[in-house]
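Sharing a structure here in structure tokens format.
Chain naming follows the written order as A, B, C, D, E and F, and within any one chain the residues start at number 1.
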Amino acid sequence: MGEARTQRSFFDQYLEKLRHVAEIIDLAPEAVEILSKPKRTIIVSLPLKMDNGKTRMFTAYRVQFNDARGPMKGGFRYHPDVNLDEVKTLAALMTLKTAVVNIPCGGAKGGIKCNPKEMSRRELEALTREYAKALAPFIGPDIDVPAPDVNTDAQVMAWFLDEYNKVVGKIVPSAVTGKPLSIGGSRGREGATGRGVFFIGLEAASKLNISLKNARVSIQGFGNVAFNAAKFFYEYGSKIVAVSDSRGGIYNPDGLNIYKVMEVKRKEGSVTKYSEAETISREDPLTVDCDVLIPAALERQITEKNADNVKAKMIIEGGKWSDNS
Amino acid sequence: MGEARTQRSFFDQYLEKLRHVAEIIDLAPEAVEILSKPKRTIIVSLPLKMDNGKTRMFTAYRVQFNDARGPMKGGFRYHPDVNLDEVKTLAALMTLKTAVVNIPCGGAKGGIKCNPKEMSRRELEALTREYAKALAPFIGPDIDVPAPDVNTDAQVMAWFLDEYNKVVGKIVPSAVTGKPLSIGGSRGREGATGRGVFFIGLEAASKLNISLKNARVSIQGFGNVAFNAAKFFYEYGSKIVAVSDSRGGIYNPDGLNIYKVMEVKRKEGSVTKYSEAETISREDPLTVDCDVLIPAALERQITEKNADNVKAKMIIEGGKWSDNS
Amino acid sequence: MGEARTQRSFFDQYLEKLRHVAEIIDLAPEAVEILSKPKRTIIVSLPLKMDNGKTRMFTAYRVQFNDARGPMKGGFRYHPDVNLDEVKTLAALMTLKTAVVNIPCGGAKGGIKCNPKEMSRRELEALTREYAKALAPFIGPDIDVPAPDVNTDAQVMAWFLDEYNKVVGKIVPSAVTGKPLSIGGSRGREGATGRGVFFIGLEAASKLNISLKNARVSIQGFGNVAFNAAKFFYEYGSKIVAVSDSRGGIYNPDGLNIYKVMEVKRKEGSVTKYSEAETISREDPLTVDCDVLIPAALERQITEKNADNVKAKMIIEGGKWSDNS
Amino acid sequence: MGEARTQRSFFDQYLEKLRHVAEIIDLAPEAVEILSKPKRTIIVSLPLKMDNGKTRMFTAYRVQFNDARGPMKGGFRYHPDVNLDEVKTLAALMTLKTAVVNIPCGGAKGGIKCNPKEMSRRELEALTREYAKALAPFIGPDIDVPAPDVNTDAQVMAWFLDEYNKVVGKIVPSAVTGKPLSIGGSRGREGATGRGVFFIGLEAASKLNISLKNARVSIQGFGNVAFNAAKFFYEYGSKIVAVSDSRGGIYNPDGLNIYKVMEVKRKEGSVTKYSEAETISREDPLTVDCDVLIPAALERQITEKNADNVKAKMIIEGGKWSDNS
Amino acid sequence: MGEARTQRSFFDQYLEKLRHVAEIIDLAPEAVEILSKPKRTIIVSLPLKMDNGKTRMFTAYRVQFNDARGPMKGGFRYHPDVNLDEVKTLAALMTLKTAVVNIPCGGAKGGIKCNPKEMSRRELEALTREYAKALAPFIGPDIDVPAPDVNTDAQVMAWFLDEYNKVVGKIVPSAVTGKPLSIGGSRGREGATGRGVFFIGLEAASKLNISLKNARVSIQGFGNVAFNAAKFFYEYGSKIVAVSDSRGGIYNPDGLNIYKVMEVKRKEGSVTKYSEAETISREDPLTVDCDVLIPAALERQITEKNADNVKAKMIIEGGKWSDNS
Amino acid sequence: MGEARTQRSFFDQYLEKLRHVAEIIDLAPEAVEILSKPKRTIIVSLPLKMDNGKTRMFTAYRVQFNDARGPMKGGFRYHPDVNLDEVKTLAALMTLKTAVVNIPCGGAKGGIKCNPKEMSRRELEALTREYAKALAPFIGPDIDVPAPDVNTDAQVMAWFLDEYNKVVGKIVPSAVTGKPLSIGGSRGREGATGRGVFFIGLEAASKLNISLKNARVSIQGFGNVAFNAAKFFYEYGSKIVAVSDSRGGIYNPDGLNIYKVMEVKRKEGSVTKYSEAETISREDPLTVDCDVLIPAALERQITEKNADNVKAKMIIEGGKWSDNS
């Protein structure tokens, strides 16, 4: 969402890639035409009475890109940078993602331009409920099924679903995914992305004839994705040699006990408080000696400057391209 | 829709005026906030199998700006220049218009980016029906009532309504205005804008202490608005001294028989074929000697260059600002 | 519904007339095509637990012929002879009738094949309610508005409407006409057909330069239509010289007091008990000396055999062609 | 709502009167049976997050007593004493009221057990919106049309309607009455009850051969009903000799200028500040010398104790029996 | 439903227990608040034309207590003692039951105050269909799924479902449970409660280190629950030493062949006609010598008076607390 | 659909068989009554603008015979001979078929009277979409689920479903069967009828103590059913000794390689071009020496004339009785 983007939009980048791929796979021009435009875009202004008593209008989006393969899937995010270009592009990518893994779903995406960090819990709930009411006619298990995304956790989905249920007068847990287990959420969803990172690693290792047992794995990050990926590698027998968080990183060539690292982080606020490791910088995990490197913090960490220093034989991108923009 | 607009959007112009007026009338900041954002914007891509067998996707809009005062009203147009900025602004203006004349309605606007002049009748009908199906859940006598606008005549409204009726399984003539009389259209609608021009003239004349009887009226244009305005002035007793069309103008200081002019235009294609008048240029009606000037062709005809030559005591803008852009 | 009809159907007769008229008025072939086929025909089998405990299935119809001009209007009848050919034809005729009198409505017709004279009140109510439930999705003020017809009086309409209201969960008096005044019926509806007969007479008389004042009027029949027609003529000053019912007729060249005749009929069961008149046969009103003849009993009473004996200057068909077949 | 009522319920009182009247007018037992039970009762628990952050559950009612004559009408109130017995009885009375004045409506009533005086504006709005969402499937122009009642003013109706509109996705001003003029409310509604008091007085006076011109009118109360009644009598030419509010009353045998009294009350908080009158007690208007007495404060003011002191020839009950309980 | 209850309502008892448990498990006050009030209560008056031609109004209930965990489940009963207090309490208990066994459902309950033993089959069917129509908008697989209860068997559910299907215009077998197998009912449902009694017995026996093989089981009752429980114990190898019905009991210390007992009961009307056993009183099964006692007739059979005489080591309550009240 | 049928309708034949079977199995008269009449028949006239610019009306049917066992199943066909009698009878047969194989479904059938061989692809698509719009309120997973039949392949179902989805605003793949795999169709559906022929053969062979291994199978036809049946027998080890198409047949007592036969037919247009077999007539497969005969071309091929020449021990009717009429 930086300056470069104002020159060429995110969606233009998508279109360029689409056309490039279309040429390679000899895609019919009509298919390209269809994949170039969202089926339906809904933009609503949501009035919210702020805690200070004043009414503000928030702009919210839902782009339903394509449903040729089935009801649409896609998250919605709360962020000051949310805009039509971004939402439209992410909806297009969701269409491709669901098709690539061959689930009978199309792609959509949504979001509200707001800064959840400056809003109270009550404001967030009220805004979410207004969003649910505004989208209710366009959402549902047979139409479009929202999921959480940046700044929209299980609690937000629960508010959204509760309001949706009120409007339609039914209990429809399948109207959203990513909801709390207690109201029908899926077990394992929280660690799903980390698990995916591991499975990709396993698959890639087998192609490269690398054994992940005892392989040295360095992970930049220790959030949800990073921790869960770490857990899977650890349980499989890999050595997690480095992890990091916003305060810095830690390194131990003999492997870290990631459960203990997590305990320390929970109690003391950072992995750097873990004693059985050497403290390193936030960027060092990218370049420590290792077999597998997993950048799972912010996107675009490997650059022209540090690329030559990466020593891993295999890199698995742990962050979602779309989510860190 | 020219080049100047790319520098400052149509909607930005609207916002600037809104804020200017708000200051004058001391409008509450919350009202300004609400009038600054459309309540709901719907953008859909409509697939159309062209006569040549190929499928094309057309982008169609409906901006429902505000419904605080009642169901929304606003036309939809078919034009290659239709875009979100324009539709949004016109929807905002409709909101103000319905409020100014105090009818219990809000404002909306729509359109399809297409070139009806290059499309067959079958294509236009099929596209209109797709548009109706796509908008059906958002339209209706209690929600938003479309009307014809640029390139969307009574026949287009009939197609739209017929398809709407099929989808909702009911006969709902009140779902659109501007439909043919035979299916419930309003008598007098065709000449309504011209009649409005005349009433404004009458009102203005009374304030200026001018009598319209025998007043000399010059009209640039001879389309629907121009002709109907001409008719009302003519029947009232004014002298229509000049009219014009795309091929040129005619002038007769003793007054034209506008019915005969119309007959000539119908038969021979231009007012310039009318024999009982002097032939002038397309722009001359603006500057001929007259009491009342009605520019009813394209907008923005009186410019820095010709303003000093205008001799009329009273100018009535006959074209819709919004429609001629 | 006699034997002749098995050779050429009622609807074929309609088609023949339609084509004949189409030629005369040069109707577009597409319009003929559209007027030749009902838009939608619904046939349902209604289960009814009879008073004897057994379940019987009744066949019920609703033909919605055409709604190009607006929501459809048309009665439904209960009769052993109800069949698709008849219902379809009557629906077509309703389409023409509403168009002729230029009300914004289309035409429909319905009915249940049953013998109401052999059914208990409870059975009739239960059957009507099943019919209402089966038709509920196709009926309504914006779709098709049933009315009473043969054997379906205001009470039947009230049952139908009550059940309709239950199914849709709303109070919708405008879903049927011919309902009791207490739940929104129209004043004057009961006598409407008779009133129509009188107005036609008045109109015709003016064209023929006949005065209805003191004109001698003979009426075959004394049912709802006949009595109400009689009343209007009587109040206007005509002399009602003959009336009849299924048991015979009465004749008085000086005119009958039709209110007293009705009183006698109510009390004693037949007009023939009226003392201040000569008793005649059921057919005699057709041929008595009179100025105006109104056949208002069964249809097709004037035949090759008696036509020469008709003495009236003016004949007004009081029965509905469609209803007596 | 006092102690006496726990012994015999409000609804039992209604039933007793119903049966009493039924006997007098020889009402069919089945009609009595139907008028003895509400058609539908809905009780909902509404969760509300209070300003202190805690969630409370409020009990809300809607009793839809009878819709045989049309969609139901009836207010809803916010009061700590709201309970099923009261709501049910008032709904029954609404059924009788609409029938008596012969409008095509049935009767209903609703309310929330809450203390609006202890709630913030935000809490009231949120509670009203929850109520609207809970009732939405049962409410509407064709079903049941709520109105304001005790503690539910035009603003409350506007909140209710706005939320109703959001849930149904339409603009339905006819779903409630008593809304602000700006969104479709009726002119004259505010003064309607006072106007009714006057018309009843006029009608009664004519029967008693009393002239209201110069008649001395004493009014207990000076709220909405009392003031509007006063205005009508005053404009008609009656002398308003006494009015009162919760702080006391005023008396002037030559008549009060009620506009000036109102001005004083608005500015200084009580009619007792009005200088051109004698100050009396709150109860004195009941017993001052006058021709017409209008008790329009709390109900049940004329009791065994003061009845003998009432000097008016005519008493018009200005308060609603139902509303002051 | 005896006298004691008029002093403290059934729901008050529930509330007391709820608060008691809440204290023990430290339940959040807001959860207690929510579990103290039904989400939605619907009371309707159903008109029924009795076989004697008269119309009676029946009061019917549906209390939808809580749906936080999913669509609600709960039976409906036909009984003269049905009242709001009872239905509300049973709906609360259903909420707890579904939560305890962790199925994704909430709790509801319903019923009609009527005496099915004094009603004809036709009346019962008509009443059930009216109930279905009245509840249709509130019922469904995603809202609330009724089940049979006291006096509402599979046939009643079939009538209810058939009418529900007619109103919604769909075939929705999942809208009720307890329907006949032929229209989608579940196998094994009829014997489910008896099976549950046995499983509880098995579980309890294992904790008490008792073997049910050859254990002597005494059962008060021989209805659906009692017989099915008997069957499961019998097949497992237990000795059923006593059973009873409303006419008395039978006892055989060597065990009864319960299939033969059932055959006798079917043919001759009572278990007491069974020859291979000693005849005892209706209450004797409670106190005969046995290892397991199953009271499965009416509730509250073991009292202060007979408790000391119970010889069983284990008692399994076979009746539902809620159903026998 | 030949001449014989005009004398006795297809449905009369069905009724005769129904009554015959009812007698044998002692079916309750009420069940016979119910199985004698379709629950709901819908006939619609679909306007279609032909490629030549003219509008034609097509008559389309849907007979929903019975849904007592669940949502209805049944195909729809496009054929010039489609008529109510046929559609009604096939709907009745579908009711019996679904019941016989005990799936929780009822029976329906539909069709459009049209000649798809004389219509363009665009016309077929437009007609199908009109049909879908007209049937949308009566169709759905819980009501009636259409399937392809004569001249209605997977592409037609896809058009129908796409239009249905547009009208209902949801993605409902379960609204039709027989759709393409890519939008949710079932694998194996294409070969299902042929597979059924084989399974019936297997079952019959086991009863007759015939081994299908090496059994000589003669098949009249080589369309979808014939080819798929041939494939299953071939893979099982039977010898396919004869097949045929509209141009003639082929015979090889040692067995044909049916894959090669198919390859030849695809390339050269007829099985008769296959070189490794003797050419025979179109009818010869019925009478060649074989163990199993499968008539899978048109129905009614074995007649009084050739019946004596049939040599097979076992005949399996491969064509659908209903489809070839």
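Note that in this section a residue touches a chain if its C-beta (ideal position, glycine included) is under 8 Å from a C-beta of that chain, and two chains touch if they have at least 3 such contacts.
Remember, predicted model here, so these are calculated numbers, not experimental data.
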Each chain counted as touching chain B and chain C at once: D, F
Mean-CA-position distance for chain E and chain C (Å): 57
Inter-chain centre distance, chain C versus chain D - centres from mean C-alpha coordinates, in Å: 49
Separation of mean Cα positions, chain E and chain B [Å, integer]: 71
Contacts with two or more other chains, residues of chain C listed in rising order: 137, 169
Contact pairs between chains, per stated definition: A-B, A-D, A-E, A-F, B-C, B-D, B-F, C-D, C-E, C-F, D-E, E-F
Sites on chain B touched by chain A in the complex: 29-30, 33-34, 36-45, 47, 54-57, 59, 134, 137
Chain B contact footprint on chain D (complex, rising order): 169-173, 182-184
Touch list for chain B against partner chain D, complex: 67-71, 104, 106, 137, 140, 142-143
Sites on chain A touched by chain D in the complex: 49, 122, 133, 137, 166-167, 169
